[in-house]
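Structure below; questions to follow.
Think of it as A, B and C in the order they're written, each chain with its own count starting at 1.
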Amino acid sequence: MALFRRRILWVAVLLIVGASAPGWLGAYFLGVFTTAYYFGVFAMSWDLLFGFAGEVNFGPTFMIGVGAYAAGLMNNAGYSIPICLVAGTAAAVVSGLALALPALRLRGPYFGLITLVAVLLLLDLIVIFASVTGGEIGMMVPDVLSISATVNYYYAFGFLVISAVILYGLSRSSLGLILQATGQDRIEAAALGFNVTKHKLAAFCVSAFFSGLAGGMVTFYGGLASVDTVVSLAITVQIVIAVVFGGRRTILGAILGSIFLILAGELLRPIGQLNTFVVSAIALAVIIFFPDGALGWVLRPRDPT
Amino acid sequence: MLDTTPLLEVDGLTKRFGGLVAVHNIGFTIRPGEILGLIGPNGSGKSTVMKLVMGIERPNAGSVKLSGTDVAGWPTHRIARSGVGIVFQHSRPLNRQTVLENIKLALLPDSLLRLVAEPHVEQRAREIAERVGLGGVLARRPPTLPFADLRRLEMAKALARDPKVVLVDEPFAGLTPSEVATFSELIDGFRRDGRAVLLVDHNVKSVAALVDRVLAMYLGQRIAEGTAEEVMRDETVRRVYIGGKIEAHPRKDLDKKGGEALLEVRGIDVFYGKAQALQQVAIHVNAGEFVSVVGLNGAGKTTLFNAISGLVPFAGDIHWSGETLHGRSPARIAREGIVQCPETRELFGELSVRENLDLGGQHLSKEERKEQLAWLLGLFPILNERQRQPASTLSGGEQQMLAIARALMMRPKLLILDEPTLGLAPVILEQLSKALARLRETTPITVLLGEQNVTFALPHADRVYVLEHARVVWEGDPGRFAEEMGTGYL
Amino acid sequence: MRGLQILIDGFAISSLYGLGAVGFTLMFGVCGVLNLAHGGIMLIAALLGWWVAADYGAGPYGGAVVGILAGLIASYVTYFVVVRPIQRSRAIPRTEEELFLLTGTLLWGVMIQVGMDYLFSNNPVTMQPLVPGVINILGVRTPQNELLIAATCWIAIGLLSLLVNKTQIGKQLLAASINPRGLTLLGFELSRIYLIVWTIYGLLTGLAGVLLASFFGISSDNAGNLTASAFTIVILGGLGSVPGSLLAAYVVGYAETITAYLINPTLRPIPALLILVLVLYIRPRGLLGRR
């Protein structure tokens, strides 16, 4: 119980620090954190699928990208931002279901590959239909969430907190327990009477919902949906790093990992291109030496024996 | 009890994997409060029957009726919801959750919308934990629990569903005698609840005290059915487990040679996770000797051989020609003369018979290889005819001979044969037995043979160890085995 | 005329794809490792080869030798620095080893790509042809270099096939891919076998990188796509099946060439991906896969 209270205290401190950041951070760093927060949602959604449902999905950017581009296209067609976000999220959920179908049939590397292929196909489609999507340059959108760094920061912060509460809550709920059971051993879960297919599909839907919504938000934050910001494999790599670094199966660790990743990228900017090299090297060292990640290590079970 | 209708009725159940018939026309019924033992050696198809009932595999033919409803071919989760629970042999609990949460999981409805468990779930989980004896460790996490408690957790999960039919896979594997007693009591409790129970195990002995009836399987077929007593006395069952009449021909002259100790296993312990697979096992094999280790499936024979071959970590010491084997790689141990022919045979299926043999002989010089090959093809003439065939196309008996021949290609100082008779028809056993006899008579080879089939193991043996529940319980002359161990073995 | 052109170009491209994929599939078949830094290793071989050939005047052949050696060293580093520590780590549960290997090699691939980008920029470079000149085949003007590349690929694949099928070491590799435990019981050290595979893999992949640089040219931006094509070809052919990979290389090579010539060069990568999705749905183990 003492431990639980201490955790509440930590969360409260972090919330206060996060909420008061615009008071003491410059616009530049507010922007950095804004990006990191959206990234945190990407990573948490991925952890729900990977850490809990046990699906090695190399195509999170398929869902993010579909959400972002669908929202962008709607905006260009003249719809308002909220409608575009709803449409983008809906499109992302459909794409998530499309990814879930092979997941029910294929195992391990085969499923991993097909998710990778889904991303490559999306990339090719974006380039081929460059007249609509803007191709490699990206698609500008007429509307943005706000031009104020502070307002944008609060949008991202609020979105992150709400997503975290829901995703973390889900992971600790009955559904989270069942998902973990299905992810660990389909047969045993089925023998306990759980319809594995149904729960996997649900996990994909939830993950796609938050990925797609976050993709749409990112589009209206930057006024641009582009391959580099929402689809490229580099984003996938960063999501995987963030989750593994922060701690798999913790949901909240994904936020820590994302903030570390984005901040490290910024702080290492003086060394130029090499910053990706250094960040990747650190992540590689972490997965080899501390495979449970930062939060996983802090929260590792320490029962009296 | 006679007027109650059966809870589980299985009829004509058949399952084929490719060309292999794993289960052929199996049928049985279990009434409320009845316990049926389903026994058979490894590979007899008993586990497949269990999976077919649970819906983990789909039967090719036959019916599985649950209180009259045929559930054969249904998905597992629907069968589970209809009232069948299973206690798996290997538990895979959620390691990051507590014992209580693990039990609560099993009590949850199969719903996406219920995010918070109903209040009675907690209460019910505690009751179940209390009943299986986990009351004191509710807040612990599975990785910190002893083995018996992990098995209790599996029992608790199965109970949580309040199943009408409970399937238990190897209920007592890895448990100590006192734990066996408490688990028997638990399973007996299922009977008092009016559940139908199916116990799946290797042999009658371990479940005899508990079951009302036993169904014995071999090579996918039913070979006997009746009370535990009847099945143990059954001729066919005895032939499968013990073989026929026990013969022994120890070579008395060996004592005069007084062969030096080639291999000495000095009281080793082996654990798989938390289950103890070997406990203070000590054996020795002298040069030129033919030693048999007999014991039922699951007694620890394979573990002992794998420890000698360096394939599983162990505590204690094993000496080979006076030197410790600690720190040597399995491959090096094999090159130094301890060659194991495992029960799984481990052949290279897509490679030809000849290629398999050549691989075994790669450490020899060209002349030696030729010589050894010629000798082996003489010892196993059938392999000569099949030289160009892929190993996977051979029959079971031929594969076993190939496995032995391949091991012999290495010119071992000590040949370890693990369950060579596994799943083989009686005719083949005879051929194999003759080959071993020739080997024993014509070469100075030292052999360590592990067998469940006593009739196969004893005629060749100079000395015998009996392994039971991870311990050596008897050691001596094969001539004395029949009178001292003959009845107590099964 | 155009048909013949497609036939010749497609053949050269497919051969190169085949060479690029056999090492990858051999690695998976024997060692069970899907190396997502595959494209990175090709990149190192290509760029170092080009650099030595152009800047140090070593000529195309000297560059090729250096490139292949660089590929070999990169392969060893991948094994000893990334793959083996993950395989030997006690903190990583065996059931999750595959995921960690995928993630680890993916990160390592990113490090290589960024490192090469830093050293050589991401401008595409083309190694000068090993042989200059053009030859006329029934009216199709074909660079002699293209033919030499196709021939080299087939010689390398042929040598590999000889090694696997005719030598004692080859038999050990085959046996290890079928049943590693059986091989241990026969006294062969798997660690030695794995080292041999990483050596062969490094040489094959290095050669593929060098030939690629000489045929198409290469840039550090290509690393990810190179891995993806090798992965695609190997999955299409059936994981671990060398003949399957070669067949798949030709399917992909010709599908791309036909699309590029007859439909539109920008659509080049699409058909291969569609074929792959189709095959994975209908026959998940690939064209010639065993399982």
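Just so it is clear, contacts are C-beta pairs under 8 Å (C-beta built on N, C-alpha and C of every residue); 3 or more make two chains touch, one makes a residue touch a chain.
Remember, it's a predicted structure, so these values are computed and weren't measured experimentally.
Under the stated contact rule, the graph of chain-to-chain touches is complete, every pair of chains being in contact.
Taking the mean of C-alpha positions as each chain's centre, the chain lying farthest from the centre of chain A is B. With centres set at the average Cα position, the gap from chain B to chain C is 44 Å.
Inter-chain spacing, taken between the CA centroids of chain A and chain C, is 32 Å. The geometric centre of chain A is 46 Å away from that of chain B, both derived from CA atoms.
Among the residues of chain C, none is in touch with two or more other chains. Chain B makes touch with chain C in their complex at residues 309, 311, 329-332, 334-335, 339-342, 346-351, 355, 358-360, 362-363, 406-407, 410.
Residue ranges on chain C touching chain A, taken from their complex, read 34, 82, 85-86, 89, 91-92, 96, 98-100, 102-104, 106-108, 110-111, 114-115, 117-118, 224, 228, 231-232, 235, 239, 266-267, 269-270, 273-274, 276-277, 280-281, 284.
Taken in their complex, chain B has these residues touching chain A: 54-56, 75-77, 80-81, 85-86, 88, 92, 94-97, 101, 104-106, 108, 110, 112, 114-117, 139-141, 143-144, 157, 161.
Residue ranges on chain A touching chain B, taken from their complex, read 169-170, 173-175, 177-178, 180-181, 184-185, 187-196, 198-199, 202, 249, 301, 303, 305.
By the touch criterion stated above, chain C contacts chain B in their complex at residues 168, 171-172, 174-175, 178-179, 181-190.
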